[in-house]
Structure formats: C-alpha cells, structure tokens
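Next, two complexes with chain A in common: one pairs it with chain B, the other with chain C.
Coming up: the complex of A and B.
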C-alpha cells in the first residue's frame, strides 16, 4: 500500500511536470522551453527543501501545525528588503544587485537563526518551545517594523517591497540557482543521514533520550539544516514556507507510515505537484494576474481550517 | 548496582531532591513509595538522565553516568515515564521495535532483535493486537505496549514510573510477576514507583520511602512495611496483617 501510494505520487508529479514543460509552448518553443526548464529546476529544488524542512521541523517541535516560518526567517528577509529600499530611496528598481542581495539575505537569515536558536539552545536550559516563542515575537516585531517603513516610503517603492512579500518563480537568476542547487542538495543528502534518528524522536523527547538519542545534538543539526534550507529558498524565490504545513500534513495523511524517509519523500512529491501545478495555472489560466503564493495560500488556508476542525489530536 | 550519592535537584528555588543518597541492589525489585511531590519521579528522571541534576553523582556498575555515552547508556538502563502518548500513527509491533534501536541504530533488525521483540510482546500479552494502531487501543493496552518497548530494550536496569497506570487488577498482578521474574531469573534490576502499597509490599524485594527529597527509609520489604514507619511516611493510620507470611496493609479508616 505504501509503495503503491508513493508510486502514485511519483506518477502524478511526473504528469504535472510534463504538462508544465510540454504543453502550450507557443510560437518560439525553444525559448519558452529553456525558460521553463530554469523555473522547473528551481521549483523542484525548493519543493524538496520545503518538504524536508517542514517535516523535520514538525518532528522536532512535536507539532503538526507549525512550519519553519514561525522562526521568523521570512520577516527578517522582508525587513531587510524594506530597509534597503528605504535607505536607497528614489530608485525605481531594487538598489542591490541580485547577487549581493542574495548573499546578504542568506547571511542575515542564517546569522539571525544561529545567534538565536543554536546559541540559546546549546545551553540546554531552554526548550524548543521557548525558542519558537522568541522567534514568533521577533518575527512580529520585524513585521511591524516593515509595516512602519512601508508607511514612510512613497507608493512606488512600496510596490517594490510588495514584490518581496510573495514568492515568485518568474525571474530566477540562473547563476544563483546553480549555487543554491549545490547547497540545498548537499543539505538534503546530509539530512538523509539523520532520518532514522528522527523516527525515534517522533516518539517524543523522553523516549528518544531513553533510546540513546543525543537530543540536543540532533535538534541542533536539524535546526541548522532547516535554517540553511529556508534561508536559501527564501532568498531565491521569496517567502514560501507556508507551503510546508500543507504538504507535510497531506503526506502524513496519505502515507500510512511514521518513517521519515517516506513522509519526507511524500511531502517533496506533493510539493512538486502543488508548486508546478500552481505555476502552470498562474501562467496559463490566470495570465500572471495572480501569484503562486496566493494560489497556494488559498488551498493551504482551506486545508488548515479543515485540519483544525477535523483533528482533535493536534 | 546503581549508587546515588548526594543528589541535589532544584526547580527554581524549590528543592526537590536534597542530598539524596541510596544504593539500589542488583537483580532485585525495589519500589519507591512516598506521598505526592516527594521527588520520586524526579529521582528516576535524574537517574535516567532525562533531567539534569544540580549536584551529586550517580554510578552504574561503578561508572559515573555523566561519562557514559548516550548510545552505551541506552543499552544499560531504560526508563518508562508516567504518561506516554505519541502523535504519530504507529502499530504496537512498530513501537516495540523501537526498543531495539540502541542495538540496530536504524539498521535492519537481526534475528536476535526480532526474538527480543516477540518475547516482549508475548510477556505483555500483546500478540493478538500487535498489528493494531496505538491510538486505537485502550489506556491499559497502550501502557502494556510501552512496557513491552522497555522489555525489548533488554537493559540490565529498568526504571518504571507508575507502570501499573491504567491497568486492571489482572494485568497489574501479571506485570508485577513478570517484573519479578525479570529480576530473579534474568538478573535485571527493577526500580519502580508504586502507589498501591499492597502491590509494593507483595512483589518488591526492597522498598525505599522518600520524604522531602531524601530517602527516609530503605530496607527489605518486611522491615519497611511496619505500621509505625508507614504512618510516618503517609500520615495515615496503618494496620499490617500477615497472610501466608506476606504483609497486607489496611489503611481505610
């Protein structure tokens, strides 16, 4: 049953990808095809990062309605973009080159997470929940600061900030995509080695310690991998971790297993189906009039409500 | 043998364990008794390294447990806490398989591992529901499943925090017998928190009574199950009668 369902997901994912790549190619198929290939690469990569980071994050927090976005990465990112535009006011486009912006954003997000989470958590005196609370509060503060900046700047610049509030696969820098691929793939491969320990951790912290898991270290490694993945995904396409709650939970529902190697694989495949399918609809049905964020938020929001109403065990 | 020397544990300003010292004898069933809030669970938590201690040392086989790696420790000592629940969908057998994790570390289970799991399922009378999901079981069945997990872990030291939670009388008796068998036949050291004084009196070899974060009384069961001692521990009037050379406590007044 498990194998069949995974094969079904693989088949749907391949189907969606082929539809996206090979239909409605238009009058200059080669150009369209190469542009789509770049976007597709980014979408596959980011779906897998979100799938991995969300499932792992939910395991270490023992909670199924959280995504790494609660840790405040995205608000750091958006605040940074708003600050840059505020400081260099007057220019029509984003004042930083995309390379510089990418590198700064990634380092800011990783730095933020390292200082807060890794340093705080290492002492072992605070629980994961305390970290999340700090992340939540800081995230709110950063969002309020962004809101304040948005009030100060003029409407043109505001529209530039708006662009960074939503994820977009439409203008991905190919060079950055290369670096990101290498880093994200290495975190995913490295992350595969802790999956059997995460299986034990999903029994709960106390059982994991009893069974010989070095809890502090496992959580630290997981947080580090999640941090890198979320930072790079966000810097590459914008805030997109909201997708995590949807694909992680669909994967748990659909696959009758507790093993992370399957739930993460399922989440990645479901992520690919949603992101590529959503992008196809955005491009062809809505003619770019909406963003994939809005589309997925809409589906995700409905699913989230269903989840809350249906499940009493969260 | 587990020796505990001068353990201190505070939650904020509140002292829970206060210079607690005790040696638990090897291959015996020792019950910890005492009123609520005397530090019994905290003691087991500290010994099993789930809780950090503020001062003192704990030695298992003459070795300070602070210097034992998590992997090695999980093969020596297991602990089952009071309430157990999981949010993942897990079958009973899958849960018990986790007991072999310290040995397999995520690799394929060997013949010996399967045997240990089967034995644990058999001891806990779970064979018929081995393929049921944990969240569909009754409280008592779930408690037995978690006990089976600990038995499958097959450690020389087994720490149990109220293992008879949710169990009916038949299973309470059966599990106490199994624990006693584990101690006397397989040389396991069982340390457990028990609230039913008569169960403790009937099945344990030793009894330790905690009061104010210290061991107030410790000795063979017969030495501790005495009216004047129990009255001091629980603040209740006790009558102890003997039936077939076993003490039975009456305290319903």
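Coming up: the complex of A and C.
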C-alpha cells in the first residue's frame, strides 16, 4: 500500500518533469532545453527543501497548519527587497548585484530567525505557538513598512522591479544555484540523520522526553536546519507562502504512515509535481500573465481553507 | 476620576488634532471669517478629526463584538481576516465595476467582509483546539489566504502597487465631501451600546447565552453585520488600520472588567484617544510631510500586542 503509493508519486513526478522538459520545444530545442534544465534543477531543489522544512517544522510545533515561511521570514525578505528598490530608485543599473543581494538576504533572514529564537529560548519555556504569533505580528509590522515604502516608489520603477517581490524560476543565476545546491543538499543529508528521532517526537513532547529524547537539543538542531533551508530557498527564488502547507498536508493525507522518511519523501515528490506542473502552466497556459508563487498561493490558500473547514482534529 | 482624566486627554487631543498641520492655524487669527486658515479648518481639519474619532470608536467596538462572539481576547478585525476581506471586496469592485460610486464599493466590501466573518466563525466552531493563541494564528493565516487571492487578480490587472499602497490607513486625504460614509458607523455604535447586556451574555458562551433566553444565532448575525459595515466604511474612507480593535478592548478589560454596559464607553473613548494620538504622531514625525497612520499604528500596536499577550500568558 505505502510502497505502491510512493511509486505512484514517483511515476507522476517523472511524468510531469518529462512533459516539462520535452514538450513544446519550439524551433531551437538546444537553447530551450538548457534553459529548462537550469530551471528544473532549481525547482527540484526548492521543492525538496520546502518539503523537508515544512514537515519537520510541523512535527516540532505539533500542528498541521503552520510552516516556517509564515513566521515573518518572507515579510523580512520582501521588506528588504522593497528597501533596496527604494534606495536605488531611479538609478539605471539593476539595484544590487544579484550575488550581493542574495548573500545579504540570506544573512538577514538567518539573523532575524536567530534573534527571534535566542530572545525567546533564553527565557526558558516558551510555547512554540507564542513564537509563531510573535513572528506573525512582526510580519504584519514589516508588511506595513513595505506598503509605506512601495507608496514612495515611482510606479514605473515599481513595474520594472515587481518581479523581485514574487517567486520566479525564470531568471535564476547559475552561480548562485551552485552554491545553494551545495548548502541545501548538505542540510538535507544532515537532516536525514535526525528523522528517526523526529518519529519519536511526533508522539508528543512528554512521551518523547520519557523515551530519552533530548527535546531542547533536537528542536534547536531542527530549527537551525529549517532556518538555513528557508533562508536560502527564499533568497534564491522568492517567497512561495503556501507551498509548504499544501505539500505537507497532501503528503499526510496520501501516505498512510507516520514515519518521517516517507512523509518527507512524499512531500518532496508532491512539491516537485506542483512546482514543475505549475511552472508549465505559467509558461504555456497563462503566458506569463501570472507567477508561480501567485498560482500556488491561490491553490494552496483555498486548500488550506477547505482543510480547516473539513477537518475537526487539526 | 479616571473618567475625568480620559475626557480631558480626549479634549486635549481633539484640539491638537485641529491645530497640528502644515497650514499654520492659531486660535487667534479666527477674527476674519473667510481667510484661508478658516477654509482649511472647515474643509480639512474638522472632517479629519471627526473621521478619526469615528474610526477609533468604530474599530474598538468592532473588536469588542468579535471578541465576545468568538470567546477569545485576541480576535479582532486584524486577526480574523476581516481587513483582508474588505480589501478583496474593494479590489473586486474596482475590477468588475470601475468608476462606481463610493457607496457601491462599500457595498461590495461589506458583502465580502460579512461572508469572510461568517466563514471564520464556522471554522472556529469546528475546531477543537481553542487555545488563546491558536485562534488568532488561524485568523491571520486566513487573512493571508484572502490576500493571496487578491494578489492573483491584482497581478493580472497590473495593479499590485496600487492595491498594496492605497489601502494603507491614511487620513490625510479625508476632506469635506468625501468622508461622510464613515458616519455609517455611528448608528452601529449606538445599537451596540443598546444591546450591550446581550453581548455580555454572548461572551459567556453559546450554551450559557441560550439558557439565559438569548436568540444566539440572531445576535451573532447582528454583531457580525455591525462589524462588517463599520470595517467596510472605514476601509473606504481611510484604509486599513491594524491592531486598534485588538489593543483597546484588552486594555479596557484589564481595568474595567467584562461587563460591557460599564466598559463600552471607556472602550469608545480610549479608541478615539489612541487613534488621535497615533495620527498626530504621524503628522509631526517627518513634518512637513506625513507618515500614513497605518504604519504608525502597526508599529505601536504590534509591539503593545506582543507585550499584552506575553503578560496574559504569564498570569494565565
């Protein structure tokens, strides 16, 4: 049953990927093919890190509707982008070299998360919900600031730079992709070693402590991995708020298991299906009139509401 | 004693709000009736101050109603998706019926707001895990979903920047002739006060309210209608003003308890004081320019909300 379903997901993922890669190649297949290969690599990478970080985060927080990306991470990122745009407003060159921008964004987000965790974990026992609420409130404040900055930006400038505010796989810097791949893969491999402990943790905090899990340490390690993954994937392609919720929950529903190695694998595969399929739709059906992040946020958002209304045991 | 103090502060802030601004108006040069200072006074300052007071009172009382209905101290228009629903409604009105009147747009916003509020209440009833923090988290997520749907259409019609910016709370564009819709919130405030006892009963929970002889569903509907109308009217006139409906009722309930017949007047006056204060700060902080009040109040309100909730959790 479980194996069959995972094989099914693998088959669908391979199918979607090959449709994306091999159809509608146009008149110069080699060029299109190499462009698509870069995008595909980025999409696989992002899907896996968002799949991993969302499932692990939901285990730590013992709920199914929250993901790291809503904890103020993305609003910090967007605020930062808007600030850069505003400061460089009117200059003809691209605001910041994408390298510098990338490195700044990553450090800013990791710094933000570290301050949040340090400030709160130092006090001792702090509920994860409290942490989340603080993140969300800060997010609202940052969004208001962003709105104010956007108010000041010249509309022409804004229309040029709008793309930096939405996730996009269309112009990914290959050098950055290389660095990100190395870092993300190492966090994923490192993260694979704590999966069996997370299985125990999903029994609940008290049981896990009783069974000999060092709770604080496990949570801290997991949060560290998640932070790095979210920071890098957001800085690489931009914010996709509801992707994590969507793929993690679909994976729980589809796979009849509580073992993290399967649920995370499922989330990654479903992520690949959604992201690659979504990108295909954006490129060929919507003619770039929308972006992948908007599309996924709509689908994911509606799924989220249905999930809330239907489910009684979140 | 406290009532007297609040009243004095209120009157002081009203006077300040009438005086502060780029056009220098002193009480002395009122001698000649038709000079430009007086014009500014009548066309801009007085409407602005009235709009501020009405918005402050309306939003704080909306917060109280929502908290009574949902039995949670941290539910408010900001943390239940209400503001985002109103935004989405205005956006839909603009896309499908461009050039429609303010009243029509408000109607659109109202329909969206009340639907969203009802949906939120349905979700609340189905959720078992009703902790103090979980519900506002859920509400903020719900708001994000609505904002996401809004962005889809905004991007498609290329009005992302407009949508993000023109609904930031800002009273500087309030002028005589374009703010009068906000008076809609006035009768609602009076209705709320008349039904204060019933609202107090609502806050005891569904079973208790029913056994006290209250038509529960009817009063929930009345409450949500009042909230939705107020929020839509304020949204059209001034834009989104976050957190106000959250902080004011919490401060008031700390000092005056939860008997609404007693505490509602304090909620109203404190709401007006807070919004006047924030607006005056927004006007002088980068004088002679203005910061939108949506930003000032988000920063002040957000930080005080965090302080509040950590205190509540410590004593809870």
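One rule holds in what follows: the second predicted complex is superposed on the first by the 304 of 314 C-alpha atoms of A that agree within 3 Å, B and C clash if a C-alpha of one lies under 4 Å from a C-alpha of the other, contacts with A are read in each partner's own complex, and residues count from 1 in each chain.
By definition in this document, a residue touches a chain if its C-beta (ideal position, glycine included) is under 8 Å from a C-beta of that chain, and two chains touch if they have at least 3 such contacts.
For clarity, every value in this text was computed on a predicted model and none was experimentally measured.
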Clash or fit, chain B versus chain C on superposed chain A: fit
Chain B versus chain C as contact partner of A:64, first or second or both or neither: first
Contacts of A:213 with chain B and chain C, given as first, second, both or neither: first
In the superposition, chain B vs chain C on chain A residues touched: C
Partner chain(s) touched by A:151 [first = chain B, second = chain C, both, neither]: second
Touched partner set for A:203, first chain B, second chain C, both or neither: first
Partner chain(s) touched by A:162 [first = chain B, second = chain C, both, neither]: second
After fitting on chain A: smallest Cα gap, chain B-chain C, Å: 7
Contacts on chain A seen with chain B and repeated with chain C across the two complexes: 313-314
Residues of chain A that touch chain B when the two form their complex: 62, 64, 124, 195-197, 199-200, 202-204, 206-207, 209-214, 252, 256-258, 313-314
Contact footprint of chain A on chain C as seen in their complex: 78, 119, 122-123, 126-129, 131, 133-134, 136-138, 140-142, 144-146, 148-149, 151-152, 155-156, 158, 160-161, 164-165, 168, 242-243, 291-292, 294-295, 298-299, 302-303, 305-306, 309-310, 313
Chain C-facing residues of chain A, complex: 63, 65-66, 70, 127, 129-130, 132-134, 136-138, 140-141, 144-148, 150-151, 153, 155, 158-159, 162, 165-166, 241-242, 289-291, 294-295, 297-298, 300-302, 304-305, 308-309, 311-314
Partner chain A, residues of chain B touching it in the complex: 48-50, 52, 70-75, 78-81, 84-90, 94-95, 98-99, 101-102, 105-106, 135, 149, 153
